[in-house]
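Scrolling down, you'll hit the structures one after another.
In what follows, chain A forms one complex with chain B and a second complex with chain C.
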Partner chain A sequence: MNESKHEPIIGLEIHMELKTNSKMFCGCRADWFGQEPNTLTCPVCLGLPGALPVPNKKAVEWCVMLGLALGCEIPLFSKFDRKNYFYPDLPKGYQISQYDQPLAVNGWLEIKSPTKTTGDEDTSDGGEATTSTPPRWRDRKRIRIRRVHMEEDTGKLLHAEVDGQKCTLIDFNRSGVPLVEIVTEPDIRSSEEARIFLKKLHQIIRYIGISDADMEKGSMRLEPNISVRELKSAQNTSEVTRLPAGRQGRGSSDGEGIKEDLPNYKVEVKNINSFNFAKKAIDYEISRHIKLLNNNEIPPQETRGWDEKKGITYSQRSKEEAHDYRYFPEPDIPPIRWTESQISQLKSQIPELPDQKVHRFMAEFSLSEYDATILADIQETAKYFENALSITPGVSLGLSRGSRITPKTIANWIINKRADITKTTPEELVKLISQKSQVVQMDEKELEAIIKKVLSANPKAVSDYKSGKEQSLMFLLGQVIRETKGKANAEQVKQKLVQLLKYPGV
Partner chain B sequence: MLLDLTITQLSQGLKAKKFSSEDIVKECYSNIERLNPSINAFITIIDKDVALKEAHNRDKDRGSDSSVLHGLPYVMKDSYNTQGIRTTAASNVLADYVPPYSSTVYQKLVDAGAILIGKTNMDAWGHGASSENTDFGPVKNPWDQSRVAGGSSGGNAAALAARMTVFAIGEDTGGSIRNPSAWSSTTGLKVSYGRVSRYGCIAYVSSFDTMGPMAKTVEDCAHILEIIAGIDQYDATSSPQPVPHYKDHLRDKLTDLTLGLPKECFGEGLDTEIKASIMEAASLYKKIGINIKEISIPLLEYGVPVYYLIGTSETSSNLARYDGIRFGQGRGEFTKETMRRIMLGTYALSAGYYDAYYKKAQQGRTLFIKEYTRALSECDAILMPVEPMVATKFGELINNPIQNMLADIYTCQTPVGVPSLALPCGFTKENLPIGMQIIGNMFAETLLLRLGYAYQNNTDWHTKKPNIGEHGK
Partner chain C sequence: MKNSSNNTNSLTDKDVQHVASLAKLALTKDDIKKFQKQLSEIIHFVAKLNELDTQDIEPTSQVTGQENIFRDDVVKKSLTQKEALANTKRKYKGYFVVDAIFD
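Let's turn to the complex of A and B:
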């Protein structure tokens, strides 16, 4: 089988618009989506003669915060550069970007690996037992982040027909909107890993609150780099994943003393706007490369586009046609020099991130990893959960004294959508839960009577249970709940039922 | 005539109602109408009636607290964006371009109540030292109309020399204020990088460009600078250094000061008459109590390559926006000289050549900065010629690209960012103007203006004007 002989090598470039009030280098509003064309423009973002860029402080800070959230180092010196190329949506003839000294470098993001390979276990550094760093799960894998940098978005071309003539119109509303670019090392080994990585990155971005990261509005755009490596033996599979995370300098995937054999070509697929398309495009490329490799051909290095209707990629630009961007330091913007205290100040503004939250929920509230992950998935849900907990008597102290509402109960209500949390306040939810649980509490005697009645009516199920058939318990439970007309709490019923099955005489 | 008066005298006269803004503006237009057809200092002349109406309004709204520039007519290099008024940078590429916004300097002058009467001719995009590289015809030197007026702010200097304006706003990237000042016997100040906002002035070399005053006297320059200088929220490279009251310091005593004369500036290649004039200026300074000292700037000759490698690199990028899509004309409208600079710069930035050219030039720039810092630690200011030769004949520079670059030998210390004041210091036997420059540390404009003021108090070169027929009254 081909798959056993080939291993995909995937890196990702992600562009993401920040949701600052104003654009990157001027005072124009940045929320361009859906606005009338060319209404959010000024001399600066139109690139008029003589106009000068002044960087947006908030955008630069947010970019650094994202870098910190991704475990990056923040060099104390950074600068902007000009990336020179012609395109009608680029009014200055160059894009202000960052070249060799980006705001953040050498980070990592840990993902839950979809397939357990032998190598993945080695990604754990072992006994990390500090309180700030959560312990590493054994099925986790670190994807290294090469760099996070700041740049500006371009305008948008609209191919239209005006007065019966085909033409291209330019809308500069998007020109100069702050854009962050995140580049990973080629550590991803499957399209599913890529999808999981992207979802996790998306979640972190939403947590920090720096971007809507709305794929449909194009505020997050994906560019996978794909190549396929032929394996000599199956043991080689995860050589790259064993690299220590975040130890490499920019532009080099070769760790010191660690041999890494990357293919000598790569294919970049441009501007994909959904996680699923990214997955599909990667899969399409992988099988295309394998076919070529099996024919003893090396896939040409090139940039390809994604045709979402046909579900295929197509060649856009070969290596020979690649631009020489003639990067040089942007003379209109002085370099950025940070102090350590500025960086730590920005670090302190990063909210608790999803992984930290999951760990805390598990440790503090004895939730399962599954429950904690669902609650932490969306920041608002997690916040709602904690709000509800804080007003539940006893629970906030970690004691269930005097209350039968446990964190698990609240979590279940939210997870199983027993109440619509968009319409119910945490106070209302807690009241609802306690009403429900009080039904059982008050009618304990009645519940006991019902259970006894059900038990005597189902002697076979009782004896099945006693002979070890666990399913019988569920059958009996169902019967009791039906008799209580759904008023009883299933957990309570179950406890009482087990008790009465064990000690029927009580 | 009124246009021979200084800004101080004009301002006082206006406030005392000895004459009106209308009188001054009328005098300007009379000289423009008579002389500009041959001198060609202007690309755009503001409609006379518009200017007169503005003067009329200024005469009415003048108060005792009005700015010293209130009601005074002036001209601007055509690289400054002036909202609603055509701005071409002397290139056909922008031949019909009417900007929808104003440069910071222009806005400050509008706020001060000064009256713009024209946009002046220049080397296109600042590319030149003779005002021949223009799509609007070359500027003729009022002192000798077979010669160039210097550049790139040549229109300004010619307009001042021919008394078509009270003052002018220029822009200096590698000598563009000082060179025409020297060749037309006017005074011009190249300010420290960041002293005056660059916002809205069409960029030549973003990291060298400086916006500065050109006028008849040092005192005039002090008045203008005080109004146009200062930090600007629209220019991230503008300096937060507070703006001194330059004119209040002009008469400060010059004690314990040393002027350095770099020996490299007085060797081969320097016109002997120019050398003699600078030496004469040095002895005058000595006479008024200033120490004169020979210093050395061994790297001087590297100024031209450093300047032209970084300069062309940046200009190749700065001119990329004129792509033929939005400003009417295509890139084929660039002049040969401009195309040459775009190609040189593109080459210097290209993969495989970047390290050898652009990067090397930036390293050279760092050495150059150190060199000037050291030189300026041995003296308070440096005195040297502006140009090795007097104003050239038409065609001499534009047809010889290398010579054109070498003409900048004394003025291409702009990669250092330091300020420099150019002022008239004599004439050749052929009655061609000679200029000198005084260079100081970053933000030492006050000292330069004091030194220049003292010189003009003891000489009358700056009062001389070309003999182009008696005019006015």
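Let's turn to the complex of A and C:
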């Protein structure tokens, strides 16, 4: 009951390692996973005195491309900063990151909202979108992206016991691996929305091909921040959730709908490595906060960890002391200045993204949104589908009459996994489908003869059907299919059967 | 430093303790007294810069005038594990070793 009076306010921070060949500021190999400890290091990533970091051009460009794919503005000026803190995984005593002038700002990602919002009238507020953006679906919701910036990963800590003594082991192979941080505005209103957002972000990252975004290897890490606000009256829920697209959005001109009084606390849950854990951690936090709020307590602002075995979050006392990172501009790295043409050049390197692909599949091949979404889910599947289409006679010209194979047929074969597309080439698939569909399209005359035979052998069933017993049709259908020895497909038989029952003379 | 925007540019005990904890230093009461004085003097000295008229001067953190210094994404040879660990006293099976950190 109480839950209807509360509304979760959720923002996300996502860290993701880029799959460049070399590290962010030195030439050590970036692919650290599974390597012998401390075999991919040099004076730069070990933080030895006198070493000079030089940014990896590809990493910086990829970060900008991701920003563009998320609809961000790319400021023409950007720089690196030092974030100072002491921790054994950070040998320099500071992390090279970006503070006030990140590579990309003010973007958005549109998700399919799990809750249907009513009065959803802002589908036509365009103008901020990039030209290649598909039209917006009605059940969509935009999650604003505050920033996308470039930084470096830290070393990896292992907690162990050596000679009966508890200690921490450090492997610096991961130190200095290019890390992109994505920060959303607190626009997410449920754990399910968070999960959908993360899946979609993951998909886009994979499409652009800049990271494995492998959760198990820790190359993508999630940090939700959660608070819960009490709603004064129930009916403004849906309006509150509609945040303006794009820009800052705080205090939009007329007070209608948008009331941005966020709770004065938030709880961050650190280093979650699966979408489902993120969802569970958020749900756990929401109900914990509601309980506290119902007791007139405000949940303390803190950082919490996620215990995946117990399915709970726990307070991380060690990190409670107020963060004071004393950011200042990285003096060793000159700033970055882009030209407009460099930005548009990077933009042109972004492949067709999932939403655009879904729209094109629907428009070009008359697929349903459902089919198109499944095909576009993984880039390789979409590519396979299009390859198969391109070699299907007739289809690519939109002439599906000559050939029995329609885009829908191919889509079905792939979606229903009737062929293993990892082992079947598109050519083989098309051949397979045309063989099958020839068998399925049994000769009409032959089929008619079989049906007539079955009908005259089962006069009772025929009269039952005529007096309105629908089950008799299924019985007759079964008989016919048995007679055809499975050579005809059920739909074809059914059509013909009904036709002959109604007009036996034809 | 948020507390030092007043005219005296003096640090409080609390400021000193805060800076010490960021630097992971354990200070005695006497230390705090001593550093409070010393650090305040330094800040006071640096505050002399405020006497300059900087109205028409653009803030900068870079004086070389360089921009867009990048390297290509090419892998170079790393140190060997032995070289990487050469200067540490505590090592174990190829790892650096430090006192246990609790998370």
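What we mean here is this: the second predicted complex is superposed on the first by the 411 of 506 C-alpha atoms of A that agree within 3 Å, B and C clash if a C-alpha of one lies under 4 Å from a C-alpha of the other, contacts with A are read in each partner's own complex, and residues count from 1 in each chain.
As a convention for this text, a contact is a pair of C-beta atoms (placed from the backbone, for glycine too) under 8 Å apart; a residue touches a chain by one contact, two chains touch by 3 or more.
These numbers were taken from a predicted model, which means no experiment stands behind them.
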item	value
A:39 touches, of chain B and chain C: first, second, both or neither?	second
Which superposed partner A:333 touches (first chain B, second chain C, both, neither)	both
Partner touching more residues of chain A, whether chain B or chain C	C
Touched partner set for A:157, first chain B, second chain C, both or neither	second
Touching partner for A:94 - first (chain B), second (chain C), both, neither	first
Touched partner set for A:82, first chain B, second chain C, both or neither	first
Touched partner set for A:59, first chain B, second chain C, both or neither	second
Which superposed partner A:51 touches (first chain B, second chain C, both, neither)	first
Partner chain(s) touched by A:324 [first = chain B, second = chain C, both, neither]	both
Doubly contacted residues of chain A, that is, touched by chain B and again by chain C	42-43, 54-55, 84, 86, 88, 170, 324, 326, 328, 331, 333-334
Footprint of chain A on chain B - complex, ascending	79-81, 87, 89, 94, 97, 99-101, 103, 198-203, 205-207, 233-237, 313-314, 316-317, 319-321, 323, 325-327, 346, 349-351, 354, 358
Touching residues (chain side chain A, partner chain C) in the complex	20-22, 26-29, 36-43, 46, 54-60, 79, 84-88, 157-160, 162, 166-172, 305, 316, 318, 321, 324, 326, 328-329, 331, 333-337
Complex contacts: residues of chain A adjacent to chain B	42-43, 47-55, 82, 84, 86, 88, 91-94, 170, 324, 326-328, 331-334
Residue numbers on chain C that touch chain A, as the complex places them	18, 21-24, 61-62, 64, 66-81, 84-85, 92-103
